[in-house]
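Both of the next two complexes hold chain A, though its partner changes from chain B to chain C.
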Partner chain A sequence: MENTYDLSTVPSYIPKILKALPVTAEILIFSLLFGLLLGALVTMGALGKNKMVRIISNGYISFMRGIPTLVLIFLLYLGLPQLMVGIGIDLSAITKTKYIIACLSLGSSANMAEMMRASYLAVDKGQREAAYSVGMKGFTAFRRIILPQAVGIAIPTLGNNIIMLFKETSLAFTVGVIDLLGKARAISSASYGTNRLEVYIATGIVFWIICILMEYISKAVEKVYTKGRKQATS
Partner chain B sequence: MINLGFILESTPAIIKAIPITLLMAFSSAIIGWILGLGIALIRKANIAIVAQVCAVFVSFMRGVPMVILLYIAYYALPILIYNYGLSIGVEIDVNAVPPVIYAISALLLDQAAYSSEIFRSALSAVDEGQMEAAYSVGMTKTQALVRIIFPQAFAIAIPNLGGLFLGLVKGTSLAYYVGVYEITATANLLAMPALNFIESYIMTTIVYEVISFIINKLFRYSENRLKRFRAGMTV
Partner chain C sequence: MESMVELKNIHKSFGENHILKGVDMKIKKGEVVVILGPSGSGKTTLLRTINFLDSADDGSVSVHDFKVKCKKHTKSQVIELRRKTAMVFQNYNLFQNKTILQNVMEGLVTVKKYKKADAEVNSRKILEKVGLSERCDFYPSQLSGGQQQRAGIARALILDPDVILFDEPTSALDPELVGEVLKTIKVVAKTGITMIVVTHEISFAREVASRVIFMEGGVVVEEGPPSEILVNPKEARTQQFLQRITNPDNKEEETLLFTQ
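Let's turn to the complex of A and B:
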């Protein structure tokens, strides 16, 4: 039985696995939104004037960068409800998908914050001074001069971060969400695991193709966005 | 609420699992990075066909999540090993192969792909003039690469390699799925009988945080040490 595999059946599993794409897309989009939001807050804290907030923000970033996503999922999904029951809060109403979105948002927010900080600092200091010199106030200078340039610098890293986040959504099956990999496992166990290798290869191909598409889009966006702005950064 | 007795009792078991995590991380980093450097050189020299195969390999590894790579390695390698055994006339008992071998195989291929990208950009970042200068004093191509280009490229690559290695240590937690009893799997196993999940995952988190902290410090230190190789080119 160990030896029975037929690679020619791989393509036939791809459409079946793709049926679970909406679930993965939902997880990806919400984690991305919350991750960016949380990342922006942390970046503001890390670059802000308040020393205490700075320490907390930097501590948060290095904590989140040090913990494996899988451990974070176990900690939140299995550990947190126990802790909350202890103080009389029932968390059983929260769906599995929400847990995964929470974990992935927290995990990616550190990467997002690092990205935002690096691109903010990469904008030439003279740009802010120039904005002030033509009479712009702090926030206007940030919104109209610094932010557009920082976004241009951040696009390639953002593309990479989104791809990483997409790959991490594959951990959703850990808590039993039927995402791309969850679906693959369901297909494989429906036939008692005899076709597991083919199914996993098919899932790998699905992820690969989507990643290539994402990379392509990221490059295209970068090209469109930085067009005509190059003079400003160089 | 939090069972302190359980934490004290199971700490030794979790600490005992650290070496297997580190074994996976170091062995796949060492072999993977050497392969990665090879891939980077092949792609830089643009050797026909081999370079294209490498490019597809890198793209695949970067596009497929680690969990799936681990599963593919876990289910495909035994078949390959068994068939190879038959072809040389030995019946190998694939069930005797420890799962950590499969985990390391998947991790090291992943490292090869990611590190090759880091090495490639680091090699391109070294000034062209350095190679010409090395030739001008009569060095051969190998000498120029080993003595002049590699040290500078390595100094450029170190911060990114640090990030990659940290990701690798975190990635070893996924070896749990193919039955390797590293830190995460051990914590899970300890938690099961009395459902002490919160305690065991807090401990796991602390262990990973400490390892990450030490790795960060080590790479920061070597980054500073290697700065001398960058001194000449920062002008």
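Let's turn to the complex of A and C:
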């Protein structure tokens, strides 16, 4: 039996794959930004006083958490243009990358909202009472006391969410975006699949190493941010 | 006679639980009022209705001639009321994301609109008074309970409130740390500021209080100077409570347990 693969070539594919890193980075950064923004809005709705808004926000979170990102991508990329053409709107000008960013933003916003809600509720209620007792208004108490503590609590989860989002950017290849995985597929197809094992091993390594870096950064940020003020109890 | 705090017909329920059943109270300027009573008697809730951390269902609260009706109050009324009062909490509730110095400065900067530099000078002075000048740059979690509570007192004092509300300020402390906090509160009491203290420290009440109020079941049972209430209470319930607190393993209880 002849070996059809040559593992020693794996490292040589890594720089080639990394050429697509800017595309993945663009998707990640914009999805993260919009995901956080959307998540913040939904959290406000879910924690707000208006019952109708609360129901809608919770419904949104439940739907977006329940639907696989890939299904969302197909729905939006394939389904939406069809729907829009029906009412006379042409969406063909929107790039594939933008579709992916939209889908990932929607998908991650639910996780972000859950993270924000949990962190907000985890701040001891005595903190708000103390802020009120010195005479602060609601928003001042939120901005100066509650929010900084909630952010500290959220950092580990945020790191986790970013890593999940980063891995989900690989779904971009399904609509033909040349991201890290798309690039890997392109390299593999160019040699008619003869090197596919080596290429995908290289791809896995690239994702893994970037995830390790992210985890490291998340821990460092948490350490700096909460320096000396970890709650003694709970 | 100038009355600093006046509560009229305060009612408060949590769900089905009727905690306060029409409490009236008049506290004069400079008085140190100690509220005693068993758990569940509503004394902490009463204290919290004064600064609307719990808003009463009925009645009215006035502090330094500023009156708020509990049934109909606006946000700005509540904020104004809170700015006339300050509170020391059972669990200290120091701002965890701020140093001790920042904790004390916070109210001056955000509420009283002091310049940061001025606020810092004043805060350091107060922290020195409570014996924490060495701990200014520590975070709350790095301090002992006693130190945290003294910082809590400094945070309340610096606002120069009309009345300071103490909610069981020593109940969460290790026994060996109670003394330092009580000592600080005594010093504060001597400055002539109006204070309402909910506590279980009978000896503190005896030494510091100008008036003792005994509450049970959401009403004021008895009140008067400590020499009267603590030594010769008229009401049976007060007598019983004091006996239990000063003599925890008394015989009457034991026999009761055995005969039941």
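Here is the rule we go by: the second predicted complex is superposed on the first by the 227 of 234 C-alpha atoms of A that agree within 3 Å, B and C clash if a C-alpha of one lies under 4 Å from a C-alpha of the other, contacts with A are read in each partner's own complex, and residues count from 1 in each chain.
We take it that a residue touches a chain if its C-beta (ideal position, glycine included) is under 8 Å from a C-beta of that chain, and two chains touch if they have at least 3 such contacts.
What you see is a predicted model; the values in this text were computed from it and never measured.
Asks: When the two structures are overlaid on chain A, which partner does A:K19 contact: first (chain B), second (chain C), both, or neither?
Replies: neither
Asks: Looking at A:K223, would you say it contacts chain B, chain C, both, or neither? Reply first, second, both or neither.
Replies: After superposition on chain A, A:K223 lies in contact with neither partner.
Asks: Is A:E129 touching the first partner chain B, the second partner chain C, both, or neither of them?
Replies: Second partner only.
Asks: Return first, second, both or neither, reflecting whether A:Q149 touches chain B, chain C, both chains, or no partner chain.
Replies: second
Asks: Between chain B and chain C, whom does A:Y200 touch in the aligned arrangement: first, second, both, or neither?
Replies: first
Asks: In the superposed arrangement, does A:K98 touch chain B (first), chain C (second), both or neither?
Replies: Neither partner.
Asks: For A:F63, decide between first (touching chain B), second (touching chain C), both and neither.
Replies: First partner only, chain B.
Asks: Regarding the shared-chain residue A:I212, is it in contact with chain B (first), chain C (second), both, or neither?
Replies: first
Asks: Who wins on chain A residues touched, chain B or chain C?
Replies: Result: the larger residue contact count on chain A belongs to B.
Asks: According to the stated criteria, A:G86 is in contact with first (chain B), second (chain C), both, or neither; which is it?
Replies: first
Asks: Just to be sure I follow: which residues of chain A are touched by chain B in one complex and then by chain C in the other one?
Replies: Touching chain B and chain C on chain A: no residues.
Asks: Could you pull out which chain C residues touch chain A in their complex?
Replies: It comes out as residues 51, 53, 75, 79, 82-83, 85-87, 89, 91, 93-98, 106-107, 110-111, 138-142, 155-156, 159, 165.
Asks: Give every residue of chain A touching chain B within the complex, in rising order.
Replies: 2-3, 5, 62-63, 65-71, 74-75, 78-80, 82-83, 86-87, 163, 167-168, 170-171, 173, 181, 196-197, 200-201, 203-204, 207-212
Asks: Taking the touch rule as given, give the residues of chain A at its contact with chain C in the complex, in rising order.
Replies: Touch list, chain A to chain C: 124, 126-127, 129-138, 140, 144-145, 148-149, 152, 228-232.
Asks: Write out the stretch or stretches of chain B touching chain A in their complex.
Replies: Per the stated touch rule, the residues are 1-2, 59-60, 62-69, 71-72, 75-76, 78-79, 82-83, 94, 166, 170-171, 173-174, 176, 184, 187-188, 191, 195, 197-198, 201-202, 204-205, 208-209, 211-213, 216.
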